[in-house]
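Note that chain A is present in both complexes that follow, paired respectively with chain B and with chain C.
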Partner chain A sequence: MSYAYLFKYIIIGDTGVGKSCLLLQFTDKRFQPVHDLTIGVEFGARMITIDNKYIKLQIWDTAGQEAFRSITRSYYRGAAGALLVYDITRRETFNHLTTWLDDARQHSNSNMVIMLIGNKSDLESRREVKKEEGEAFAREHGLIFMETSAKTAANVEEAFINTAKEIYEKIQEGVFDINNEANGIKIGPQHSPSNSNLPPGSKSPSQSSGCC
Partner chain B sequence: MEYFKSGLKTVLGSQDPEQQPSGAETVERLVERVQSSTLLDDRRDACRALKALSRKYRIEVGAQGMDALRFILETDKQDCEIIGYTLDTLSNIMSPTLFDEEEESDRQEDLRHIGEQFTEMFLKKPENVTLILSFLEEYDFKVRWPALKLLRVLLSNRLKDIQDIILVSPMGVSKLMDLLGDSREVIRNEALLLLIQLTKSNANIQKIVAFENAFDRLFDVIIEEGCADGGIVVEDCFLLMLNLLKNNSSNQNFFKEGSYIQKLCPMFTLPPDGADDNCWAPQKTAILFSVLLVVRCLVSPSNPGQVTLSCQKALFTSGIFQALTSILMASGVPINFLAEAICTLSEVIRGNHHNQQHFARVMAPISPPREAIVILLMSMVNEKQSFALRCTVLYCFQCYLFKNEDGQAQVVQTLLSPSYSEVNMVTSGQLLCSGLYSHDSLSNWLSAVALSHTLIENPAQRENLLRVLLSPDPNYRPVTLIHQVALLLQQSNKAQSKIGFLIFLGTWLSHCHLAVKHFLEVPTAIPYLTAQVGSAEGEDDNEELVQGLCAFVIGLCILFNDGTASSYDKDALIQLVSNRIGLEVFSSKLSEVSRNEFYSRASKLPQPRATKPEELLLDYEFCKLFKVLESMIVKAVNPKEPSNSAVEIAENGLVSEYKDVIREQDRKIAELQCKCDSLEKEKNQLKLTLEQLSSNVSQLSDENTLLKAQLHAGGLTHDHEHDLAMQVDGWRTECARKDATIQSLEAEVQRLNISSNQTTIESNPPTDPIESSDMDNLLELFAVQEEKLNKYKDLLRRYGEKVDDDDTDQEISPQPTSHNSPTRNNIV
Partner chain C sequence: MFRSRSWFGGSLFRAKNPHSLEHLKYLHTVLSKNQTVSESNRSLLVETLRSIAEILIWGDQNDSSVFDFFLEKNMLSFFLKILKQKCGSYVCVQLLQTLNILFENIRNQTSLYYLLSNNHVNFIIVHKFDFSDEEVMAYYISFLKTLSLKLNSHTIHFFYNDHTNDFPLYTEAIKFFNHPESMVRIAVRTLTLNVYRVQDHSMLRFIRNKTAAPYFSNLVWFIGDHVLELDACVRNDADHSSQSRLADLVAEHLDHLHYLNDILCLDIDDLNEVLIVHLLNKLFIPLYIFSLLPVQQSSPIIQEGKFRVSSVVSLFLLSQVFLITRQQPLVNDLAHVILRSTAASWQNGSYVTNARPVFGAPLRTLEESLDTSISSLAEAGNEIVTEPTVNMNITDEEKELRLAQESQKVFFEMVVNSLDCNENDYATLFALCLLYAISQNSGIERSLLDGLLLPAENPDHQRYSSWIVKKLINIITQSCQAVCKIRLATLELATLLLQKLCMQDDKNLLCDAHFAAIVGAKEDSAALLTSYYKREDMFAEIFESEDEDMRKKPLNVEWLMMDSNILLPPTGTPMTGIEFGKRLPCGEVERARRAIRVFLLIRALWLKLSDMKETQLPLTNRSECVQSDVDLDLTNSDLLACHVVGPDGLRNHRFLVVESNQIILVVPVPGKLGFGRPKLAAMLHDLDVSPDKQDPKSLFISAKYTTVGPMVNSKFIFDDHIRCMAAQERLRKGRLKARDEKMRQMEKLLDIPLSESPQYNLQQLRRHHRTSAHRGLLAHRLPGFPAQISRTPSASPKPSADEGSEAGSSPARSRDGSPKLPRPRSEEIQLESIKKGALLRGGGTPPLVEEATDDASGPILRQYPNTGVGGRSASKETSFTQPMPSEPTTSSRRTKGQVETI
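On to the complex of A and B.
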């Protein structure tokens, strides 16, 4: 299936906040209560539709452990979107958000869309971070915010799709340079605006002569 | 050389020809110049000279110059030329290979590892590598090229260390990836080689390289170079792709999701038959071979099942499955390539029912058309075919039947249905059975193993196959297949054949009472097997294997015996084993199998692998079966010693005891859970209070600091006051002092006043009355005098004498003017 756009995402946040489970729920629609520690990064992908257009999401789920931090930093630059995840039942994961955010802002391109996610919303009884606190943090730092549960799948779709919408809007506004792949955005094979009226396969040489 | 010498002369000044300095001295002088020259030109010349010497005198240059060169890299960054020389020199001294200049050297032994040792020295500072990486950003060929070469040298000496350093250096991998887009081919190609080295067995680097759009870049290069008709660069691209994908399921997933599988398809477009003799030119074959390896690693049986399944699907829809089958049927394909293509196709269909079904329908382009499977099996049982090809055909057949009940049924069906007797229409089943009769032991083995795969995990076919009747000799009554195999086993005198038949029998008898019954009815079967197991040690390893497998088959007869066989029920067989063979011997023979070298080799991978035909002895699936059943057989054969009730009762007692223990533990666990929960609650509460307290504390400490601050400020004013007070005191004493002076002065003044008063009092009282009375007297006198004067003036005027009025006045002033005096004198 061909896509109009391809977006690269990364998922970041402390270890054990449920990054891999969020990805698994999004790509495979299932929940794995016991998940191995992610080593380095793992890849996942899914197609979504926005505005009647197919959009392919390529997602790199990173290891949260400090030991992998220098490795996972290599992924910031080429990503168009980032899901920054904390665990609502563990305050320290919320407290570390600033560090993560600084790291992300420092190594990514400035237009990267960051979605703040408070995961494990199903564990209301063990909640340590109020929803309002998450909202306030997001407002303060200009992020989109959502509480999700990888277990019940609540808001998981929305989290990934809303991030994509935000990127899509930025593209429409012309904020992203879509021809620079380092931004984490690729135009689909049949959708590149310059040769949309040409059949796929007939490439550049005929293009310049044909337009005038 | 002459040029170099003259260059040296300009650097070192001309030397007296009789006093040629030794290499070490020259190097020393040059290094000193590199370190101490203040002029860039001098340093550059010295570096150039060092570079020239670094091949012949690499120990000297390395030992003396390493630090100086490293320093140049840091300080002379802006001069491309000197950096180029320095990087080249470092490459030379750390090079893992010997130079021509060194070949004749008598120090060859020292030189062998010198590159590695210098590398180790260089890597003591990991930032050196980061420095080299930074030179890759310089576009100038003079820098980028030697930097790239140096990195390759470092990588070949210390792969792991460099990988670790690059992994954590910011943007390290992206810098390398950017080089793939360099318009200068030589740099791009070198970068490709570098990346192949760098990505070797390091999953993290592989993933980052893939994330940095490596697959896009590679396909760009491949298309630019002309795909399958391109040169070795295209092959390198696929080798890098292979590195990125091998055992890396994340990247495999990415490759599949990124629709890169479709991009592989054009590589397989073959020219029409006989169109071109060059169609299988070595370079093109090599490229296609590497593409096959890429495809294979996407569907390798060792991958996670999920990935393999989805890649198999994508390989079918992208048309690569189709392309592979046409390679299979094409003529003139080099045999090694064909074998690899068959293996690739095998793994593309392995365990994927959809692809297996399509494979079954592939027809060979001959007349009349035949199924490709049959054609393949023909070459498998053909002694004249190459060993490699026959092996891969077996693998293909195994993959076709893997988890494919329909396929298994179809093959068995060809042996049952009447159509097999039709002339010219030999079936796969027939081919395999004929292979059993062959005089070629490899054919026996391959056919037997192939047949065993029609039965794996398929109870129905185990029973169906029992109905197969064979009539090898038209003069004799047909016999059942199982009977025939038992006979063939006894008649054969080659270990390979025997092992093949035993594998087939073992697979057939496992989990199938009916097959065991049929087998036990073969009159000579059990006596033969017991004789084999009981015989003395075989002279070679393979004989041991035969004996072990015979024991295994006996064990299966015991294990899956429902007692319906005429002569041998379970106990009878156990009795037989213990009497004829001895339980210990039986067990040890059985255990020989899993200790055999071929067993461990076969258990590794589903693909049968052997370099020589006689090494093909065991099969992956059979080893799996053996592993599961071996322990069960040992248990079944060994009678439970003082078997009966006593032990059982004891066991029961033990069991109930354990049950109690478990119950107790359960209770404890529940209790502890409760405790844990309450503790958790308590902990949370404590946490809350702690938080409150800590916020209190912080509040208090804030206040404290505030107060401190205030106190501090207060302290300052206090000091000021103190100063002021001091001053005031000072003033005060001063004042007092001055008061005292004033008083004393006042006193003095008073005293003086008094004395002066006294004096005035003494003088004044008499003067005053005197003066006033005198004055009065004098005034009276004056008036009298004036009257007299005026009288005289009138008199004088009357007498006509001119008289000034003034004169009178002047006479009154105390200082009479001199010119009046004559008049006065005159008057007087």
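On to the complex of A and C.
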């Protein structure tokens, strides 16, 4: 299925904060959140609609590649959006945010939209980082903020879609140079509303974009 | 979209527990019954594949029988069967994603081995997917990357087969090394690095013998191709219109270099050897280094000079190479070529390596050569490596003879000559970068740099290259001219490089003449700045902010070389968005800013070379603010009670103290009568005070810096309007004095004699004469006596007419703006900062005294009887600020402080 834009995202943050689970939860909701299953994936794509336009999100998890400087810097540069994830039950993952952010700011293009995500909001009893702290950090650094749970799927949808909205707005404002694919934004193959098939959410089995 | 499909799975499996062995058995039946993909069962298959991933991971984590069943029924073979039919991207993608999930989430090592053991995975890897489908491509490459993250010395054997000499995971992946999609390229690079770091000898031998030459030659060509594009972009961009494209190309080049460096850093000798030969002979030497020479000069060296880039670009690229990689075999040879090779060195066509360096397209594409080289022995790359050079067997004598004949070090001269800023500093900046990058590269043998780019270790030799140093001094001297084309970044880098060249163990080796030139430049830069100097608050603010900026962001050469903007010819206009330091100044204010920075840079260099410590800068030391961990003895201090209401509406009761150059808010210390604990302190000159027009008892105060962060529009409510006025007055005066003090410090810094300052009117000059007569006496009578700061109210207030005229003529001169009413002495402001400033100045400065002792030495002398009292109180009031070492010479300065307070 053709799209108007393709946005590339990366997910960053300490290991074990649930990056790949968030990714899978967003790209394939059919994986039921259950207690005895932790499941994630390193790559996924999904179509969403913003402003009646199909927008494809491609999300790349960068886990396990920190050993190579060339890889991290390239990933940052190629993305239009980044989800910076910490675990609300582990203070140290919150403390490392500055390092992640510095890295992201140094390597990414300046327009990259960064969303701060406090994951595992379902584990309220083990919470170590207050929501207000996350909010304050986001405010201080000009990020969007949300607490999510990959387990219960709370806010997962919103986190990815709000980031996309922000990118979309920046495109409308002309901030992003969309002809420059290095920004992590791609214009879709000639998108015409007449032949674009059913909107996402239709039951047409002919859609080829499906997947996780 | 997925939500939409869940109706399907939902209706089908609702009855069953999706996480159970039974369910997997059911899925197995579905697969067995639907071995042929058709339009009608596509969705069913996709849902089945998805469910398999889910249940297998659940089984891995909870029930091992699930996995046993999967293996027992050889369910992976179904996957292959599905793939072999033209199943369409919908099914392909789900299949790949199921595999991704499997390999990503499996924790049980045995399960993993079983999954890999029957070679199904390798068949899937070599399957010809429809790679034109961007989604299939993305899932496929992610699959390969996920697998590569599972590689270790055990699992490698499931992928690399040393009997058949087959390593599909690697060979299939590198075919996409130049894929147009950047994420795919990154995945390929990740995979290769993950493969290389598995220390398996036979696998690495395979990589080295069968794939290294084709892969690296194509990679190097790919990089060179980007470089040519970059060069074209620079050439065709006269008006800075393609900044973002250029930025990408530069970042891309950096990515390549980092990738190469990451490979080299794995220290796999066999592999590095091949890589380095390719880099040197097929890219760095023929394209980068040869391009340093002008076309006509390079002809004897490059026979087939088809490709070249501009010398500016080549300097830029070479700097990046030396900044990023420190691998000895590579950078040392490269440095050798640049620093040592002469035109004669190249007569055989080659120099440090045995092959003629040529930049050109590889004979075959990577895919072609991989397909052939796997069967026959790799030759595409090897032929380059082993290509015999013409006439290699010349004798050493012949070689030396030739060297003598033509000993001109062509490339090095070219680089050093680029240091001359004739028209502009376009190439100069890059030449400086390159020399700097070479000089700091730890991979280069010391002997190559000794006495050239680093101080000679042997003191008997010439310690540094005066050829280069002269050129650097020239840049520095030229920078001090009012009209010049040297950017600040160039100057800063020149000062850095000069220190590299001639500083050894903090000692400067410069000969007298060269050092004198630096001293001269420092004076010139002071003179240049003096011409912009204005005795205005604004100027002081600019000066401080430039100083702070430079302190915060010293030049980082690596970052500088990441900025594509400097690749475009230098411009002045800020509308290009280029940082101030990387362009020429535009307009009067920017020229003043530039003059400030030039002065600060050269002064810093001069201090370093003279091995002197910085004592005068920064003008404001905010760390002097009183911290909250000391209790202050405020007995006898003047405290104003007030309520402070922050922007958040919080109301706190505090006591306001104005001490020396600070405002301090304190609370009483329980159990220590008369002591206060600071809650907030800020420099007076940072304050912005405004009265509340609706409430005469209140003031609004803001400060950018306080000990507890910025204070924004806090409301200070005093007991009554008199106290409010008193506070306002005290703050205002303190602020003016602090600012005035700053001007003095700056004048001292610039060696501007105070009497020359235009703001000094006749009246003051007259005072000079009057007071200078007493100076000797004061200094004599009051060595280091602290009492002079304080004074009794008897000190005669100045005539108000006098004050009015003063204020009119120079608002900055606060010290004459004395209050109209005699006040209790406790309200006086202690000019601690002035005293400190005076101390910093070292030797006595007569002008200060002359200017300071205003209307009367009389009152001062009259005060002497009071000094006892004053001394006591002064010591109390200043007890918590830094103690003033009392020394004889302070007396004259204190006199100044004394007069200023009233």
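The criterion applied here is as follows: the second predicted complex is superposed on the first by the 171 of 212 C-alpha atoms of A that agree within 3 Å, B and C clash if a C-alpha of one lies under 4 Å from a C-alpha of the other, contacts with A are read in each partner's own complex, and residues count from 1 in each chain.
Everything that follows uses one rule, which is that contacts are C-beta pairs under 8 Å (C-beta built on N, C-alpha and C of every residue); 3 or more make two chains touch, one makes a residue touch a chain.
Predicted model, so just to flag it, every value in this text is computed and none were measured.
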Contact-wise, after the overlay, does A:44 reach chain B, chain C, both or neither (first, second, both, neither)?
both
With both complexes superposed on chain A, which partner does A:174 reach: first (chain B), second (chain C), both or neither?
neither
Just to be sure I read the superposition right, which of the two partners does A:65 touch: chain B = first, chain C = second, or both, or neither?
second
Counting residues of chain A touched by each partner, does chain B or chain C come out ahead?
C
Once chain A of both complexes is superposed, is A:20 in touch with chain B (first), chain C (second), both, or neither?
second
Looking at the overlay, what does A:31 touch: chain B (first), chain C (second), both, or neither?
second
By the touch definition at the top of the document, which applies to A:77: first (chain B), second (chain C), both, or neither?
both
In chain A, both chain B and chain C touch residues 8, 39-45, 58, 60, 70-71, 73-75, 77-78, 181
Residue numbers of chain B touching chain A in their complex, please.
167-168, 170-174, 203-204, 207-208, 211-213, 216, 250-251, 253-254, 257-258
Please output the residues of chain A touching chain B within their complex, sorted ascending.
8, 39-45, 56, 58, 60, 70-71, 73-75, 77-78, 107, 181
Name, in rising order, each residue of chain C that touches chain A in their complex.
1-7, 9, 18-19, 39, 42-43, 46-47, 50, 53-54, 57-58, 61-62, 88-90, 93-94, 97, 100-101, 104-105, 135, 138-139, 142, 145-146, 149, 182-183, 185-186, 189-190, 193, 197, 244-245, 248, 251-252, 254-255, 258-259, 261-262
Show me the residue ranges of chain A that touch chain C in the complex, using the header's touch definition.
8, 20, 24, 27-32, 34, 36-47, 58, 60, 64-65, 67-71, 73-75, 77-78, 177, 180-182, 200-203, 205, 207-212
